[in-house]
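Next come two complexes, and both contain subunit A; in the first it sits with subunit B, in the second with subunit C.
This part shows the complex of A and B:
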């Protein structure tokens, strides 16, 4: 084909605007007559709001309105279940919406003529609280005598419990020659996207309440807003301007409902921009999980049994905990065949900030445990860790821990080989530089489902128009999938261009508007290339067929339905939970300063099976970005709280990696084992390179120093403590 | 709500003091503004009536030799201090400290006066000036006076200056003579923009292998910039070898009061790493003094 574009590193259509500052993010938008909003957040983690006194704020200069719980028609929201009040306080029909359960809860909003007037007035609101006992530890919160945070959701704070059970555990462990037991702790992580939450809302030309704010799923935002306002979906419109990063943190609503509420009441445009502090306190975080594990293997290096218990802190509200922890359950075996397997996964409500979706979606936590268990077993067996993984790798036809085979082809073996070769694993020689500097290498692998699934029928909508007479003059692609920086708009064009044989750069994209487009599903779970790719491919093929039968213009809509999946069986977890997986293996080299405890990552080789790299440069960029973020998770970022309050609520105290921290070299190996259901064989990628880095670094620290560190992050103090150099 | 009403650019120190004293509302001097403007914008500092910009006062932006001393105006950007050959020659520890403050953009505009005026016990510039035995020139309504550098500090974030009537004009440092040298280093996460976990500056004078004189400063080693006087006494007049250095470090550890900061480092960690840092700094200064 003359316009072949799949597999080409075509430039991003948004690149020029972003580097020249022309691109408009939600914070850059404005409208004539626009008012400004400021939110009053709760200033304590658990309390009953007895009274909200707004009189002084209402009388303050420039103030147009102050809204509280009384003003919200249906005072609840939540992506999975509506367990969070939009505004906490007395006056709602729904019981217990006067209870603040975490510092991210919102109490009131002020709308004023200027931002500083709103800021001034919000401080004049007086809230009368009755403090309640604060639960900060999920292990305490799951005890039967703990106070119940959501009494309307049952008599326990355990909000999620998944069980997977396969085979005979006693017999399995009896046949083991070596057993490794461990307890692991993974931390909270802040998304720290470049753009803090912001939005502009107004009435559009048809009088619809229109919210322009970055998100990850237009239709979910739309129905969350309309539910809280007690309106039909078509009275609300959600448009995405350019989005400054998401990583899962924009799946749950932040400013959208209160903006819509204010526009509805005042009939005037309203805007809000959160500060970095408001962003850090105001949105969910990665689940911290405590994991106990016991794994056994035979002398010849075969896994025979593994038993895990994962206790995740869900925080104050459900958000996507049920989905995140489902993925943690699946990935808690690692990409290995284990004949006897048992996992219990719990999610527990506490008064911490809600735990939310974050790149990897439960897999980084589970794999930190699984991959360290593998490395420790390999050490006990005196086997090479890559070789030990190859011995036990999942393969086509072998059953996963849920009792059914993984959809093929399973490519973890190819990834392990690719990472090992590029790293030159077998030729590695430890170089000594200074007496206090120790070097070592580490290996880890991982896998991740593509899409939500677990019985949910995954779907994705697209529309393609072909205009012209004799020749094609114009191609328009309509798709609402969120461009959160990952490059999905580029891929959408390439897919349509490939089918229609038309230059990709000339294809017009109409993006992310719930009023004109069907449901794209979320830009998460590594699903957008797979789902949007199939949807646009289907629509483009249908439009092209019409074009060939002389239909002018040739317009076709298409809804892609992914292969069916089934939910976990309640007792055994037996299921076909997913229709596609992607696989990854990484080898790293680190340097540990045993005087300061500083860990430096010298080199990362990441071999990712992407099925088919639709745009290889974008694939490499995704891998490098994920490695930097995972390096922050493993080594740099150190989230601290005190009794439910965030101590690290600025980027000056919550340090994220800079150019001076990141791994010195990232070597991306693109493995391409096509998925039969993916567009041109593509699998999902966005989360994949994040997954094995923390356990690979932990293994390398062990290789360098001889100590295992079972808790992330590997801060200098934690390293020195493990080395016995400080208390 | 505006963060200030009036912005003045006095041309002399006397004009600046006059403006400070006679402002009709709360007034503050401003130089680089890298902390102050953020504090005002983010509501950590109440709005003020008058901001007095010190960067147009020639006296305060000078960096020059005056007799036996080096003078550094309080409004000189730290990047200039880091790069100027005069500081390299006569105050190497200060040049090294200034080169590590924040990131490049901040260094281009932040000033040494601002670094000191915050009265933080571990500010990089402050620790270097402590070891270099600087003197501060302070201007008030009755004229200017010199103060020993460490007398500027009362406690963490508490300066001895009367902020409603006094300004730091600049700093005087003794020139570096034969056999004298200094060094500054710090320990922090690699990313260059956060506060240090620990820093250390040493100035010394050697005669062959004898330590004739030594000043040691460590931050944070107490509520105000910490001068390890007991360690200095231990090393004074001794020959420079591993045995005396070990005893010097013991004295330092005996006197310093490390504390745990919830967001950065524990006291235990600081006690552990100070030894390696101190040895590294003093050995570098010793070699430089050769």
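This part shows the complex of A and C:
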């Protein structure tokens, strides 16, 4: 084809606006007559709100309105279950919405003529609280005598419990020659997308409440807003301006409902911009999980049994904990065949900030355990860790822990080979530089489902228009999938260009508007290239067929339905939970300064099976970005709270990697084993390179120093403690 | 300082070649002045604290963090924001390189990085990779992992030296 586009590293069309400052993010929007909003957050993690006194604030200069719980028609929201009040306080119909359960809870909003007037007035609101006992530890919160945080949702704080069980554990462990037991701790991680939350809401020309704020799924935002306002979906419209990063942290609503509420009440445009502190305190985080594991293998290096217990802190509200922990359950075996397997995964409500979606979605935590168990077993067996993985790798036809085979082709073996070769694993020689500097190498692997499934029928909508007379003059693609920086708009054009044989850069894209487009599904779970790719391919093919029969213009809509999946069986977890997986293996070299405890990552080789790289440069960019974020998770970022209060609530205290704090070299190997259901074979990628990095670094630290560190992050303090140099 | 009756300051400043005379409150931040008063929203605010570099602009040709300055400190001086570097029709070579070499993902950090790199490449037209890394070490990017940013800067320096 003359305009062959798939497989080409075309430049991003959105880059032109972004390099010239023309692109509008939500905080950059304005409208005539626009008012400004400020939110009063709860100032304690667990309390009953007895009274909210707004009189002084109402009377303050410039104030147009103050809204509290009483003003929210249906005072609840939540992506999976509506367990969070929009505004906490007395006076709403829903039970227990007067209870504050974490510092992210919102109490009241002030709308004023200027931002500084709103800021001034919000300080004049007086809240009368009755403090309640604060639960910060999920292990305490799951005890039967713990105070219940959601009394109307059962008599336990355990909000998620998945069981996976296959085979005979006793017999399995009996046949093991070596057994490794461990306890692992993974930390909270803050998304720290560079653009804090912001939004503008107004009534559009048809009188619809329109909210322009970054998110990851237009339709989910729309129904969350309309539910709280007690309105039909079509009275609410959600539009995405440019989005300054998301990584899962924009899946749950932040400013959207209160903006919509204010516009509905005041019939005037309203804008809000969160400060960095409001962003860090106001949105969910990566789940911290405590994991106990016992794995056994035979002398010849075959896994025979594995038993795990994962206890995840869900924080104050469900957000996507049920989905995140489902993924943790599946990935808790690593990408290996284990004949006897048992995992129990719990999610527990506490008074911490809600745990939410974050790149990897439960898999980085589970794989930290699984991959360290593998490395420790390999050491005990005296086997090479890559070789030991190859011995046990999942393959086509072998059953996963859920008792069914993974949808093929399973490519973990190709990834392990690719990482090992590029790293030159078998030729590795430890270089000595200075006496206090120790070097070592580490290996880890991982896998991740593509899409939300577990019985949910994954779907994705697209529309393609072909205009012209004799020749094609114009191609328009309509798709609502969120461009959060990953490059999906580029991929969408390339897909349509390939099908229609038309230059990608000339394709017009109509993006992210719930009023004009069907459901795209979420820009998460590494699903957008796979799902939108299939949807746009289908629509483009249908439009092209019409074009060929002389229909002018040729317009076609298409809804892609992914293969069916099934939910976990309650007792055994037996299921076909996903329709596609992607696989990854990484080898790293680190340097540990045993005097300062500093860990430097010298080299990361990441071999990722992307199925088909639709835009290879963008694939490499995703890998590099994910690895640096995972390096932040493993080595740099150190989120701290005290009794439910966030201590690291600025970018000056919550440090994320600068170019000075990253691996010195990232070497990406693109493995391309096509998925038969993916567009041109593409699988998912966004999360994949994140997954094995922390355990690979831990293994390399062990190789360098002889100590295992089973808790992330590997800060100098923790490393020195492990080395016995400090207490 | 000239202040008016309501304690406003008569600011005179040149931004992207246009002279502005405007009364501002003395405590108005330069970043807010550019974004809200002049509508130059290409200058982004990521931390309000001088940590992330997203708000970087050029003050008399030098990179400064506009969230750490008051607008009145720019009185009588010249500011260039990302909008002043080039336009979509006529990109600055550094903008061109970021476009071509995938020097961005979400693009929120990009204006601050471009306004950091412009004076850097003027002063050091043939930088080593190490010098490039040093130059952008005060700019935070959460998306790219930095390598494509470094590559874009290299490309720009090669082009500008031709």
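Everything below uses one rule, namely that the second predicted complex is superposed on the first by the 727 of 727 C-alpha atoms of A that agree within 3 Å, B and C clash if a C-alpha of one lies under 4 Å from a C-alpha of the other, contacts with A are read in each partner's own complex, and residues count from 1 in each chain.
Keep in mind that, in the parts below, a contact is a pair of C-beta atoms (placed from the backbone, for glycine too) under 8 Å apart; a residue touches a chain by one contact, two chains touch by 3 or more.
The structure displayed is predicted, hence computed values, not measured ones.
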**Request:** In the overlay, answer first, second, both or neither for which of subunit B and subunit C A:55 touches.
**Result:** neither
**Message:** I'd like to know which partner A:706 touches here: subunit B for first, subunit C for second, both or neither.
**Reply:** neither
**Asked** subunit A residues in contact: does subunit B have more, or subunit C?
**Response** C
**Request:** Pick one for A:468: touches subunit B only (first), subunit C only (second), both, or neither.
**Result:** neither
**Request:** Examine A:625 and indicate which partner it touches, taking first as subunit B and second as subunit C; both and neither are also allowed.
**Result:** second
**Request:** Pick one for A:720: touches subunit B only (first), subunit C only (second), both, or neither.
**Result:** first
**Prompt:** In the superposed arrangement, does A:117 touch subunit B (first), subunit C (second), both or neither?
**Reply:** first
**Prompt:** When the two structures are overlaid on chain A, which partner does A:397 contact: first (subunit B), second (subunit C), both, or neither?
**Reply:** neither
**Request:** State whether A:660 touches subunit B only (first), subunit C only (second), both chains, or neither.
**Result:** both
**Message:** Looking at A:487 after the superposition, I want to know if it touches subunit B, subunit C, both of them or none. Which is it: first, second, both, neither?
**Reply:** second
**Request:** Find the residues of subunit A that appear in the contact set with subunit B and again in the contact set with subunit C.
**Result:** 275, 652, 658, 660
**Message:** Using the touch definition from the top, list the residues of subunit A that touch subunit C in their complex.
**Reply:** 9, 11-12, 14-25, 27-28, 30, 191-196, 242-245, 247, 275-276, 484-487, 617-618, 620-621, 623-629, 650-652, 656, 658-660, 662, 666
**Message:** Residue numbers of subunit C touching subunit A in their complex, please.
**Reply:** 35, 39-49, 51-52, 54, 81-83, 85-88, 91, 95, 98-100, 102-111, 114, 133, 136-150
**Item:** Touching residues (chain side subunit A, partner subunit B) in the complex
**Value:** 116-117, 119-120, 275, 277, 436, 595-598, 600, 636, 640, 642, 647-648, 652-653, 655, 657-658, 660-661, 716-717, 720, 725-727
**Item:** Parts of subunit B lying in touch with subunit A, wherever the complex brings them together
**Value:** 1, 42-43, 187, 189-195, 262-266, 268-269, 271-273, 276
